[in-house]
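Reviewing the structure listed below.
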Amino acid sequence: MSAANKMEASSAAHSLSRYLRATGMPLLFLASILATLAIHRDFGAFDVQSLALGALPLAMAATAQAIVVISGGIDLSVGSMIAVANVLSASLMQHASFRQSLGLAVLIILVGAVQGAINGTLIVLSRIPDIVVTLTTGFIWGGVALLILERPGGGAPSDFLEIGAGADLSPVLPNALLLLIVAVGVIWVPIRSSRLGLSLYATGSDPIAAFRSGVDPRLARILAYGLGGVFCGIGGVALTMTTGIGAPLAGAYYTLSSVAAVVIGGVSLNGGRGGVLGPVLAALLLTLLPMDLIFLNIDPNYGQVIQGTLIVLVVMIGGFAAFMQGRS
Amino acid sequence: MSKALALLRGHTILALVLLLAVFVLGIEIARPGTVTPLWVSNALLFAAPLAILGAGQTLVMLTGGIDLSVASVATGSAYILATNAASGDGFALALALVLGLAVGIVNGLGVAVLRVQPLVMTLGTGLMVGGAMTVYSQYMLASQPHVPAMIQTLGAGKLIGLIPVDLFLWAAIAALMLFTLHRTGFGRLLYAVGDNREACHLAGIRVWRVLFLDYVLCALLAAIAGLVLVGGTNAADLSLADVYLLPSVACVIIGGTSIFGGRGGYAGTIVGALILTVLTSILTLLDVPEPVKQILYGAIILSLAAAYARLTA
Amino acid sequence: ADKYVVGVSNTLIGNGWREEMICSIKAEAEASGLVSKVIVANRNGGPSEQIADIRNLISAGANAIIINPSDRDALNPVIKQAVDKGIVVVAVDQAVSAPEAYVLTNDQVAYAKVGAKWLFDKLGGKGNVVEMRGIDGVPADADRHQGFTEVLKDYPDIKVVSVFSGWALNKTAQETKDLLASGKPIDGVWTSGIDSTVVDAYKTAQKPFVPVVGADNNGFIGQLIDLKSQGLSGAAVSNPPAVGGAGLGLALDVLQKKEHPHVVKITPVVWDNSDAGLVKLKAAYNPKLDPFYSVAIDVKPYTQYNMDQILACKGP
Amino acid sequence: MQNGRPVSADENLLLRVTGVAKRFGSVIALRAAGLELHAGEIHALMGANGAGKSTLVKVITGEFPADAGELAVAGAVSVFRSPAEARRAGIVSVYQDPALVPDLTIAQNMRLARVPLEAVRDVMRELGIERLDLTRRAREIDYPHLRLIDLSRALASKPRILILDEITAALPADLSERVFAVVRDWRRRGHSVIFISHRMAEVAALADRATILRDGVTVGVTSTRDAEEKIVDMMLGAEVAKAAAEAPPRAAAGIIRGAAPALEVRDLGFGHTLSGVSFRLGVGEILGVAALEGQGQQELFDCIAGVRRAASGEILANGRALELRHPADAIRAGLVLVPANRLHALLPQRSIRENVALSSFATFRAWGPITMRAERKRVENAVERLSIDRRASAEVRRLSGGNQQKVVIARWLASGFRTLLCFDPTRGIDIGTKRQIYALLREIAAQGASVLLFTSELPEIRLACDRAIVLFAGRITAEMPAAEADEAHLLRAAHGLTAAEPAEAPA
């Protein structure tokens, strides 16, 4: 089969699955919101805030993971980096003023960027696969988080916590949701449409072609991991805002969940494709799921089963489309 | 010097064995008197379940895949064994293996037929099994769980007080693995599919069959590893094998199997499992705080993988 | 009378003790006859997940919420929100600092203290002891370590090696065997709950037993009974998961306007396998139960259910 | 980019490369390669497969650093650390493999490379592909057009030195002509071009001088007006060339009349690309298929090989109708495929032996233990028959392109077959190996097997085949004996011309 024809053959399946990827997640999310409204008729401002509070750290983790995956990598240290930012902020801000806290938050997000960049640099320099490097740095950052704060504790000024926990504009538009929109909107959206964004996509799609087009794929990968680190930093600070404390083990749940959100959000693990909206919506969906189960009084452990099934189903839709294509 | 280096390049397994020896030597120098026959026997005892999980992981990683459901399967198999033992050991054993078979079939269908990425597929099935086991456990409070004596012997027993019983199982699996990978058509196909799936298709090979069997075997090996584990702990809990997930991948990588498929083998995984076990042992005996242990663990695996990449580049 | 809706929030799953805790809540709900449904929010997570779960339980119309808190302080705002809406909140197993909440816990500092004291006395105040901790960074582990350390001050001749078992069976087995093989002198072992695994490791290594302190886990108690003749001496410190059911009992009382103190600490008791203690151990031992389920199935006077009800693990 | 001391005052010398060496692990790609390019010339770079042409291009454009050697642009010593740096210095290459990012649109690709879209449109107009939608992703565009877009991008950045690495290898004749016109125009404007191709005719028509590489060493510079044989001699080394030239001439076709044809295709249809295709292939016959790019030849071969399923029609082997759902079905019927891209058929990290033996494991029965000795014998036989270079037998990715192609054929020799479906087996292969392959095909046919051969180089039809059919727009437009299959004749039919009046080539 020639390259040209293979491309043609797979392009039909591609455009179908691209279509599904682009529209599937928003539709699925909309459907689940409607389902929630049906299950729980008095779903109101309080619940919107629950959703936003619960989803914020995961959405940040998913954004971080999505950026790394788009550029052709995968980061299994996302959870540990969030933990570092969480304990760092809670221990530094404990006795800080509100304004100092804001400065510290910026500093901690920068620390996240540095951690991510270290991940990326190790990958680029050692030429060990991403999975392996980030698996081990996951241990290392986890250890660092424990060194900073041995047990849950610390804190932050209450008006700082209010940035994440309050609802200043409108009761149905909680700050956590605003924070989510602002973080993604201010950082990722401009980058995505810039040449830097293109170079991230290009590196994930075909690093050699990217290099020949004038991109430095090594630098692009480091930047992608660094950018992922930024969102992990935000996620960790957000965790401090929503919980008021730092917990060295709190990040553990975000690593695989972020991968799950990225997959459910329709980003191909092959890199070069997809966006951040899907994973963020998936994070919201994954937060909505246990809510619905509680409203329905179903054993939430089915939630884990459903989450697994959802992952498998979402990717199988693409596989099934290709399979039927192959049959015809 | 460069001659020695060249020799190591040609026989990377030699480098690994050397490294293992260095580790053992290191532990003996740091704490004289540690390396006794009993210590060696324990190391083998604990390396066995990891190496059995690693065997399955090697099979799938050779085809360019990965199986993140092995930990859930191992835990599930152990838990099912313990909670059904009251209805007969044989029955419980069969049920435990059926779990492995079932998950293997689902993984196989997803990866081989529907072409789902292995990482995603097995992440999903891992979550499914984990959740299902938790739900199941709530109905099992009164099931009189216990671990059959035979499995206890398998997981913790030692012949003449020194030779771990699970070593025999491991040796049998290792022999089978090495023979399969190097001397059978199926083994050849695993490397081939990992190297170039399209080429296999064009050569008339029904690739999905190879991958399907591959994932079934991996899950079965995970179920067996779960049995060995529960034999060693004498009680099943629902996080039994969680700590083995990342090491099962790490020992294959340390052993030199490419995560992209097509290159590697089980001999390396064996040494990789031993290295990780010895490393854990060293860290236990080292008087440093837990966070430092974690950091050391990560850093050492990272530098091993880096050294390996250098050596084989 | 109107029946109550009860919410439960737990963020560690796959752990036998926590399962038993949830079953005790369901059993108590059933036995009390005052509860129309129990909504369990049960998943792995941290404070962030737990806050979300509690908010959802509030939304779902719970009249009482039983929490096994993942953190002492992080849940305070949401607990206040719940109490402001007239919901009774009871933290069980571990404490929260919110003054609005009722707290009914096993005293984890005391748990470590009584066990350690038993062990150090058993050794005559002299010897090498292994402290098998749980998971670094978890509040209960920190509390126990604090209790352990406090007692240790009074025994200057006891030397301690600390390791973290991660509350994981394999890790404990491997660590114990590593320690045994290393030839380090060990005169006694204090465990943070993974106890029978340590005894098993001694058995397979065919090393003479040393005194072991564990929890009131069924398997460990069985060992204390069976292996006494082979020289095993040990003590089980009670840490009943039935604090869950007890928490519900307390909540129901409060809902019915009975007065209760806000903080109840259940003092742990030590059962050793001395000839005197053996009777109690034998009475508690239940061969039907999982080795890592606690034999202490109830906390009187807060619980009313019986053995069958908790084993059935069914709420109304 | 570091600019150093001036080396030469020669006004006319635009690029001077000397003593370049480059090794990949144990493989030495370049030993002492050099090149002198004058302003305003089209300079051919020639050499057998694996001689190091592409590697030299990559070194010049900074894709990777050389181990040794020096590069001077307009007299100033330069080192480029990336293609982007080379581009800034006015050196741009269209590489042998596509360099467009598959998941970006064409417009995004241009933006990524900082090339103005307007300039690209201008070049595309000259190449006659201006109607191509720039918002399509590169992944969705067929290979020949991808090459042309790559060329457009290169030209749009207005390079002083344009390097074209086998750009015509995958292009149909009509598109090649357009490329030549654009390249000539580029020279007319005073710029220089380095042109790499295995096709002598193209080189002779286009280039003024040629630098010849052999085994990573520049062995000479010659005028392209010199005899083809002289260039071949230099490329291959005199002895090898002689041996290649002495390959036996085409034996008289041994078609056994009367017997059922080895392969018969009846009224085959596939989507919009094939309709009503019928032909017979006799036992012991070599049937050539000629076509411009994209006339359905790919689909035809794929259908016969079981890679795709035909929508209508019948395929018969030795008189028996076949149901082809999978390549395995075709292989069982004796129909085996040598695909266009050898990398699609090879296991790059595995040994020659494993590659050759691969198809023997297709059935469940063969999944068990391997009889190592029997396997070795079978493989050795095939390897010897094709005289495959065994020096780097542990990993076929280290073999040169020609040897890789031989490994693919050896697989089928070892497993046995009745009909060999060869799709452009000599694409991008040097002339010596090419001759070897044609000799082999004749030998195979002489022994009673049959060959269906598609080739993109029309002169080869006469050289290698007994008979030829020509495809145009999914239909057979002509059938002729090889003796009549001269280039003019084939080209007319390939353009769908039955009479003399010219018609539009299909897009």
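Quick notes on this one:
Every chain is named by a letter (A, B, C and D) in the order it is written, and numbering of its residues begins at 1.
As a convention for this text, a contact is a pair of C-beta atoms (placed from the backbone, for glycine too) under 8 Å apart; a residue touches a chain by one contact, two chains touch by 3 or more.
Note that the structure is predicted; figures quoted are calculated from it, not measured.
Farthest from chain C, judged by the mean position of CA atoms in each chain, is D.
Here the spacing of chain A and chain B, counted between their Cα centres, is 29 Å. One finds 35 Å separating the Cα centroids of chain A and chain C. Centre-to-centre, using mean CA coordinates, chain B is 45 Å away from chain D.
The multi-chain contact residues of chain A, meaning those touching 2 or more other chains, are 1, 6, 146, 150, 299, 301, 303-304. Chain contacts: chain B has residues 130, 134, 138, 198, 202, 290-291, 313 touching two or more partner chains. Residues of chain D found to touch two or more other chains are 307, 339, 344.
Remark: the chains found to touch one another pair up as A-B, A-C, A-D, B-C, B-D.
By the touch criterion given at the top, residues 31, 33-34, 36, 38-39, 41-42, 45-46, 49, 82, 130, 133-134, 137-139, 141-146, 156-158, 161, 229, 232-235, 237-244, 277, 280-281, 284-285, 287, 290-291 of chain B touch chain C in their complex. Contacts from chain C toward chain B in the complex involve residues 13-16, 19-20, 22-23, 136, 161, 163-164, 166, 168-175, 177-184, 196-197, 200, 204-206, 219, 287-293, 310-313. Those residues of chain A that touch chain C in the shared complex are 40, 42-43, 46-47, 49-50, 53-54, 57, 146, 149-153, 155, 165, 239, 242-245, 247-250, 252-253, 287, 290-291, 294-295, 297, 299-301, 303-304.
Every residue of chain D that touches chain B in the complex is listed here, in rising order: 25, 305, 307, 326-328, 330-332, 337, 339, 343-350, 354, 357-362, 364, 366-370, 372, 411. Those residues of chain A lying in contact with chain B across their complex are 1, 6, 74, 122, 126-129, 131-133, 135-140, 142-147, 150, 256, 259-260, 263, 269-270, 299, 301-312, 315-316, 319-320, 322-323.
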